[in-house]
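Below is one structure; the comments refer to it alone.
Chain naming follows the written order as A, B, C and D, and within any one chain the residues start at number 1.
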Amino acid sequence: MLPLPSADGKITAEQIRQYTAAHFADGNAEHIVQPGMVYLSQPTEVGTIYDKGELSAIWQVCQAFELKLYVDGARLGNSFAAEGANVFLPDLARMTSAFSIGGTKLGALFGEALVINDSALKKDFRYMIKQRGGMLAKGRLLGIQFETLFEDGLYDEIGRHAVKQAQRIAEGIQARGYQLFAQSPTNQVFAILPKELLKALSQEFGYAFWQAYDEQNDVVRFCTSWATPPEMVTALLDGIRKK
Amino acid sequence: MLPLPSADGKITAEQIRQYTAAHFADGNAEHIVQPGMVYLSQPTEVGTIYDKGELSAIWQVCQAFELKLYVDGARLGNSFAAEGANVFLPDLARMTSAFSIGGTKLGALFGEALVINDSALKKDFRYMIKQRGGMLAKGRLLGIQFETLFEDGLYDEIGRHAVKQAQRIAEGIQARGYQLFAQSPTNQVFAILPKELLKALSQEFGYAFWQAYDEQNDVVRFCTSWATPPEMVTALLDGIRKK
Amino acid sequence: MLPLPSADGKITAEQIRQYTAAHFADGNAEHIVQPGMVYLSQPTEVGTIYDKGELSAIWQVCQAFELKLYVDGARLGNSFAAEGANVFLPDLARMTSAFSIGGTKLGALFGEALVINDSALKKDFRYMIKQRGGMLAKGRLLGIQFETLFEDGLYDEIGRHAVKQAQRIAEGIQARGYQLFAQSPTNQVFAILPKELLKALSQEFGYAFWQAYDEQNDVVRFCTSWATPPEMVTALLDGIRKK
Amino acid sequence: MLPLPSADGKITAEQIRQYTAAHFADGNAEHIVQPGMVYLSQPTEVGTIYDKGELSAIWQVCQAFELKLYVDGARLGNSFAAEGANVFLPDLARMTSAFSIGGTKLGALFGEALVINDSALKKDFRYMIKQRGGMLAKGRLLGIQFETLFEDGLYDEIGRHAVKQAQRIAEGIQARGYQLFAQSPTNQVFAILPKELLKALSQEFGYAFWQAYDEQNDVVRFCTSWATPPEMVTALLDGIRKK
């Protein structure tokens, strides 16, 4: 793992170019872990999304340096539903070596679909599934879930619902005078809220502690999904009194 | 992997003792793979079962040589239902380092329960699940299946049904003048049948080719499960004309 | 690898304690790499050394959290010869799980001696050497070098010579009005020198670029060894004109 | 490891072809270890050698099935000196993916030279040396030995001497009425000798027990090298009285 620093959860083509060029220019390169693949998440860990220009620039750098490009789409459906989204399945198929379509976080019981675009990576892939302990005797369980998710636009619908509820939370929090910690157009909301208020909310609502902010406030994360009832969002916002 | 030869799918305490003693007596031992764990299947790959005396003898050898003993119970429920079976869960809990209780082959959608008896093996086990890619976000899917299998004797019932149907096949085949290839008291039947007959059966029934026997005959395997209707066994036997 | 930040190449008992305590207090610990061993270098990568109090404090934290403690002694002999050194072989034998005694950087052709103090780590160690491709057919080549290094104080003498020459460089550089970048009492000297001067020195002397300092100056590293002639140090200092 | 049976230490192109074809014809192939590389030793573990026709046939099968071919030449120099040898360095360079030239058993202190012919295997090779712990700080120690071995025919001379002394042993043993266990034209002699005689010889000569033969006799192996004095062979044969 060669982590690159990031303020908004995204890395840039220029960062990748600089890091990789510096690695191969270093006379001691063979003593150091070699960059071989770029790993992105769409959406990122803080809910932001790469746009088509960013992805395209990264893909070009990857090709220039013979790096593979992998996009982790554990929450992929939520990126499709984000306002301003312009990276969809055909773009990922064209501008990545491989990417995953997350099932677990988009309504499936379990499973991620892996799409391998780079034919050099396809050889012996099923042997690898077996070797790594990932081959299920009743693998149809995985297939049937994805077949269902991609019928009649269900996958998109699940993403749209989750994102819509998350954005209601984000707007409601701001309308009540509180600040967001990150600008996430997807199904995660990062908010700076008073500890006292959070304590009260925790009686009825689930959120994840993200980090301390200051003496009085913490940053917390709210996540929504296909299973978030709109009335629960209303109740949450009702629980947040105006500042 | 250090395979020991076996005629009936089982290995013996004496084989293990001899192999291990010979290994450590060899001055070149450190150049050779070291025996560290004994791996058995109950029932075995050819449907036979270890009895309590055999398991106990193996367990004693393992303790004498500080070998771990693992019993793979992918089809465990079928061993409990076999005629003459005298190794049950409490015996496995007492005389193994760890053993698995298979779900997939006993009616579950997927999953095996791993029972670790040796406390030295418990440390960091959940870290290992994560490291090896085996930790599910919705792990409750596994738990709920085993909870259900062990309510009201369901697990035993599934095994009993499968074994009963398999034994009907075994007896029917012999009654029609054909021979069994192995004596399996569980849910697998290994039979020597004419190729011509097999071809006809394959229109309606599934079996696995096991090995060639002679010019006219092959050895094939029939498996039964919770989902095998008794009338299908009847139909199969009806399809096998007397020799 | 879980790196801890350090200004002088050393980490502290308190850093280890805090990191480890925080890890195990985190409800998501099993999703995160677990601290299992503390890895130090003596001397460190920037030539500094741990004193007995620091090592003892680290050893106590390791025991409290059941962490192994490994000291990488690739340049160990140089730490023994440093001014103020009070950590010697008996201390390492008493306060580490394992440590190495470097041969390659102390005059040997190749090889490091590994001293394992923790008996739990000794089991099957020679099997591991073999498994990892480290077992030499003519292993006596390693043994004879260490036997020789530890006869008649040769190992200590090699360290003393290297450190003495390095300290002459350090003092000479300061006497000529230049600054050191790090305070290293061993055989490495980190100096801030004008690029122009460095260019001239590079005709006759070897040094390693360490990092850029400012427009006019770079940080470089000079290393000495058993093979550094005192007159070469004199020549180097003669080549550095007063500022 | 997928071992193929062999009577004389060699495997054949036909064995490889059959095994590989059967593997890929098996519908369950992805559950089974896949053949990816053929690994030969020249000379073999019992001192025999592949001739050019055999190597060529194996190389053709490897290409047909896209298998890599690796020849382990730990004792390579001895194969060059064998009577009837017709596989030399240019043949190995042309008909293998990679092969090694053993140093340790041909007079070097340590080290094997690896010759990679298949350019697909060259990428990142030095990174792999580092990753696997095989990169020496003073790697020139390896280079200088091979440079010396390949000057003025030294490598060949070492092999010729060893093989000549071994063949003297083989002929002498047969002349005294004893049988060889294997026909080895290289530097290893496998002889069937009376236990009583072996006991007497062991006072002055080193040999390796290979396997029991019958009540009175054992199979043992004598090895020769660059360091075997001809007079020691004479003394050995003097110690073997006529049958």
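Brief remarks on what is shown
Keep in mind that, in the parts below, contacts are C-beta pairs under 8 Å (C-beta built on N, C-alpha and C of every residue); 3 or more make two chains touch, one makes a residue touch a chain.
Please read all numbers here as calculations on a predicted model, not as lab measurements.
Touching chain A and chain D at once is no chain at all.
Among the other chains, A has the CA centre that is most remote from the centre of chain D.
Centre-to-centre separation between chain A and chain C, using Cα means, comes to 42 Å.
In chain A, no residue touches two or more other chains.
Inter-chain contacts occur between A-B, A-D, B-C, C-D. Contact residues on chain A toward chain D in their complex (touch as defined above): 30-31, 34, 124, 126-127, 129-130, 135.
Residues 104-105, 109-110, 132-134, 136-138, 141 of chain B touch chain A in their complex.
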